[in-house]
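Reading through the structure tokens given below for one structure.
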């Protein structure tokens, strides 16, 4: 009995060894390097799902310049060092397009690695498409020709946010609470300086930092916010630090408006609903489901139907892939050295609304209309999408035009000859 | 000559092997992985100076790895900025110095006691340093860390250390030197006294040694070598960030040392190579790699607590007395049955994973390149049969192997005795 | 002033009790078996997910009873078929065994419940503000948390001090080996202790799940804070763990309320920022900023100056 | 006049409210073989712990060749030339017999924490180790891990560790406990040999050993010295007989 199965297993192994995966030259390989295991995987997997979704769609229509798109996931465990090993692996396997997003530390590592790699290995160019790392240094002092960023960086987001607050006369006292690391500090420092310029009458009544994902109980912080008399809180918190913060606020009955960047991240909507803070939490994004734009909503419906358990997606990945394919078509080549110039200054009708954005040549930063959305109960007729099964969803509050997101760069880009 | 060979032969062979490896494995990934293994070998040996040699279970060893790396990165940037004529190859000394100094500093605090108290202090210190690294943004570079460019340093004999191959040789050289130094250290009076303190700290005091001083010295020297490892990591990746001195890295080195084997000098080397390989390769095969890793680890702790090196060492008397043939068939049988069990287990895991975590990709999948449908009954039945049948066979084969080992060992002992009485 | 004092004390006590709730099981296992159970947070997570699953099918209250029993049974099985085998290879091996367990449990949870947070809600019967102080609400669920922690403390204390099992376990604490010779089945006691410890972790999970975020990475995010509680309190001391939880809760809460920094404290003595660019970070850090890492500082200091912990009877 | 090799004055030790050692005064001249006897629980081992630095005395002083060593750490006392053995075997179980003894020779040879010398090249340490292994009859067991030695072998190793450092004051805590008659004879001969030109203080229950070896005997009862005298006079001492025999009988 057992012998038979041993034999069977051996036969299976032997069979497996003979089937070498078909290596085809007519594919464009996209290496997706992000966390696919452990804690960070909850966000990393979403990007991979979405890329695969897009690739399937494009391949069904015949691919790009006659080649199929192949998306390969590489698990970087959210560590810059592992990332570099995985990027090396991807390059070995013939990948020339690296997509990465989560973690500015990882982004910085990839950007610097790709720049050095291209310098040291001329003729085998690799390009880094960044869909979520938003530390300003990536497109300022450390900017690189081989890096393109589709998410608005922190400075741009804050430019947009403060331009939005500028017109909100009811904002009088602002409290800042952020995670104690570089992103949190960028948010706090920039908000303080921009508000001082745009709305000198606004009082900053608190500027708090707390260690990254170490706080279990935010009640003391909420007590401090309450004591300060703030009417508005600006926070760059994400993940557990955001969820626990709003839950503590809900528990203690704190009534303020929250301006955030990552409230929509996984678990955020659930926490806001549990905290029962309707129409108080705002999020600055480049797009969300309930914008009244049919082409986007149709795609989203198909996507959600396929990834029922993880129905979250990033509109910017649609922008990124759309522009990438367009550039490849224009260059009629999947070689980054050839299609990268086409991306520069490319204009593109954004996925979320069809309004136009552009890739700034100077620093390879994509500029696009941004939206202030607010989370709460939906108008079923006009706003069909809720979040995480809460029954609540993101609703439009304001669009921030491309010109109001403009922020200068210090980038002095070294271009290949 | 014979004396020379018996002392240095191993090292010469190791150097030749290290020099030839890139000829066999020349891809970019292979070079990166081997570089990684080189630094991890140093790191895990430095950890074994604590755990294996001195009996100190530290939960914060990555602190020295990380600090060594940060000081090295800053040293590289300063050297490059100041156009100093310092070649890259000596820069790891900066990491070594940092490891030594911080080893002494933190060792002074933590080695006052051994046992659980020591472990807990290192746990606390590890958390403190890792948290502080995010707060002290100027030195540690915040979230992005500190980047550098190794080619900005003055070239040495025309080598600018841009290509990974040159970096591999640099790391291999440092690895050989460090391993030799750490091996030599085990054969000094201090090295022996470390073992004595590990076995019985109280008695060590009554033969004239201060256990606290021994722990302190061991801790400091181990910090030095961890610092070298961190410096090599900095050179290899050209980036250093706060994650490198955190709990994950400290945990990884414990895994390496334990899987390889705590009791022997070669154990941590084996562990570093194996675990690094798994870390690089396993996540390609499956994204449930953490589960496999956990199971492997539990299996090792339960069935092979002496580690791989310990397992090999147990075969030594059989090999010497040529009794190995008595056990090899049983080992092969156990290995085969084990593989079948693993095949069944991983088939079940992969199908479950597909149905849950990857439901969006549909139930059609491939296992070992065999296409199958995770919702149909047959593959599940096969998995169950492989798992249960293989497991049952494995347990029997393992028992038979143990019996065979005992008989063979007895035979070897008898043979050894016979040799001696003849002589 | 009074307001800050009152609110901080209250918040500190509430947080401290949450810590004790989570750490009580770890104390029990660490004290009585000497095992540094790294998988404790994983049992806590299992408790939260079991609680979530039961509460959405039957209700929160059945979950509070059934989930800990299930997790306790899993704990006993793990002890019986895994840990016991490892026991003879020493404490390091035991610790590494539980370390490996964390990977397995996490991956298992991810497979069943996915990687996104689940919507584990506070039961409606407790979803109201218990009282309002200085215009801050205190939800009833937090009071329930507090009471549960105190009840667990009282019951554990009673069991340890007043029952036969407690006496045996206590004896095993100071004279391990002796108890076995007296004819008690040490194996069975250990299995029970491990089950109880895992079950207590699950109680904490069921209760903390709705209050915090129930997600597959919640075990990892908890970090080693619970070890701090156990060690600071003193090995083998329930009272110590209770006291340490309170102390850490209050320390952290009051630290958050403070805005002091070295720069503010020393004022004009500060080194010029340009001269001391690396020191500037240390200089400007506020006490509030480092509040959550103060417990680790406390841990190191306690172990250096009072290795028995606050109330421990022997050195760890 | 030279100071005694070991001098205890007014030595006391209490644990909580319990006094274990209640004021011991004792001077042992250089070269003397001195035995401490007394019933179980009299505090003999505690007295050794106080002298060797394992416990801190509550009061009183210990002088080694005139130097005050009261409350010093064990290693400091050992380095001053006082070495002790333990009643419960206290060796390095995972090290080989050879390494056990060699470790014990190192400090006295001046190698201290040396981490730059190859231990295999230290000829003097090797010779000394060999010599001691010869003396304690363990030469043919040198490779074996100490943890797997037989009880009698471990007791011999215990003495080996004590004498390896060449200390001139030796404290032996029940060196023959639990040994057969034949084994005891071997150990007595060994002790006689190693204590030549040294000062020896030993705790012993076996009266034949005590009377065969000791120049003088102290009787410790309830933490106090009842008598200190030559074997013959101690044997004849009425108080000793009273205390000792009374306790032994009941």
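A, B, C and D are the chain letters, set down in written order, and residue numbers restart from 1 in every chain.
Keep this in mind: contacts are C-beta pairs under 8 Å (C-beta built on N, C-alpha and C of every residue); 3 or more make two chains touch, one makes a residue touch a chain.
All values reported here derive from a predicted model rather than from experimental measurement.
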Checklist entry - Which chains contact both subunit B and subunit C? => result A
Checklist entry - If you walk from chain to touching chain, how few steps can bring you from subunit A to subunit D? => result 2
Checklist outcome for this item: Min distance from chain CA centroid to global CA centroid: chain B
Checklist entry - Which chain's centre, taken as the mean of its Cα atoms, is farthest from the centre of subunit C? => result D
Item to check | Interchain centroid distance [CA atoms averaged], subunit A/subunit B, Å | outcome: 35
Checklist outcome for this item: dist(centroid_CA(subunit B), centroid_CA(subunit D)) in Å evaluates to 44
Next on the checklist: Distance between subunit C and subunit D based on Cα centroids, please, to the nearest Å.
Outcome noted: 48
Item to check | Sequence positions of subunit D contacting 2 or more other chains | outcome: none
Checklist entry - For subunit C, which residues are shared contacts with two or more other chains? => result 106, 110, 114-115, 223, 289-290, 292-293
Checklist outcome for this item: Touching two or more other chains in subunit A are residues 38, 41, 45, 180, 211, 214, 309-310
Next on the checklist: By the document's touch rule, what are all the touching chain pairs in this structure?
Outcome noted: A-B, A-C, B-C, B-D
Checklist outcome for this item: Listed in rising order, the residues of subunit A that touch subunit C in the complex are 38-39, 41-42, 45, 180, 208-211, 213-217, 219-224, 226-227, 240, 243-244, 247, 251-254, 266-267, 270-271, 273-274, 309-310, 312, 388-390
Item to check | Touching residues on subunit B, where the partner in the complex is subunit D | outcome: 184-185, 187-193, 195-196, 198-200, 202-210, 213-214, 217, 221
Next on the checklist: Give the list of subunit C residues in touch with subunit B in this complex.
Outcome noted: 36, 82, 85-86, 89, 91-93, 95-97, 99-104, 106-108, 110-112, 114-115, 223-224, 227-228, 231, 235, 277-278, 280-282, 285, 289-290, 292-293, 296-297, 299-300, 303-304, 307, 315-316
Item to check | subunit C-facing residues of subunit B, complex | outcome: 51, 57, 59, 109-110, 112-113, 115-117, 119-121, 123-125, 127-128, 131-132, 135-139, 247, 251, 254-255, 258, 262, 288, 290-291, 293-298, 301-302, 305, 352-353, 356-357
Item to check | Footprint of subunit B on subunit D - complex, ascending | outcome: 52-54, 73-75, 78-79, 83-84, 86, 90-95, 99, 102-104, 106-108, 111-120, 122, 125, 161, 164-165
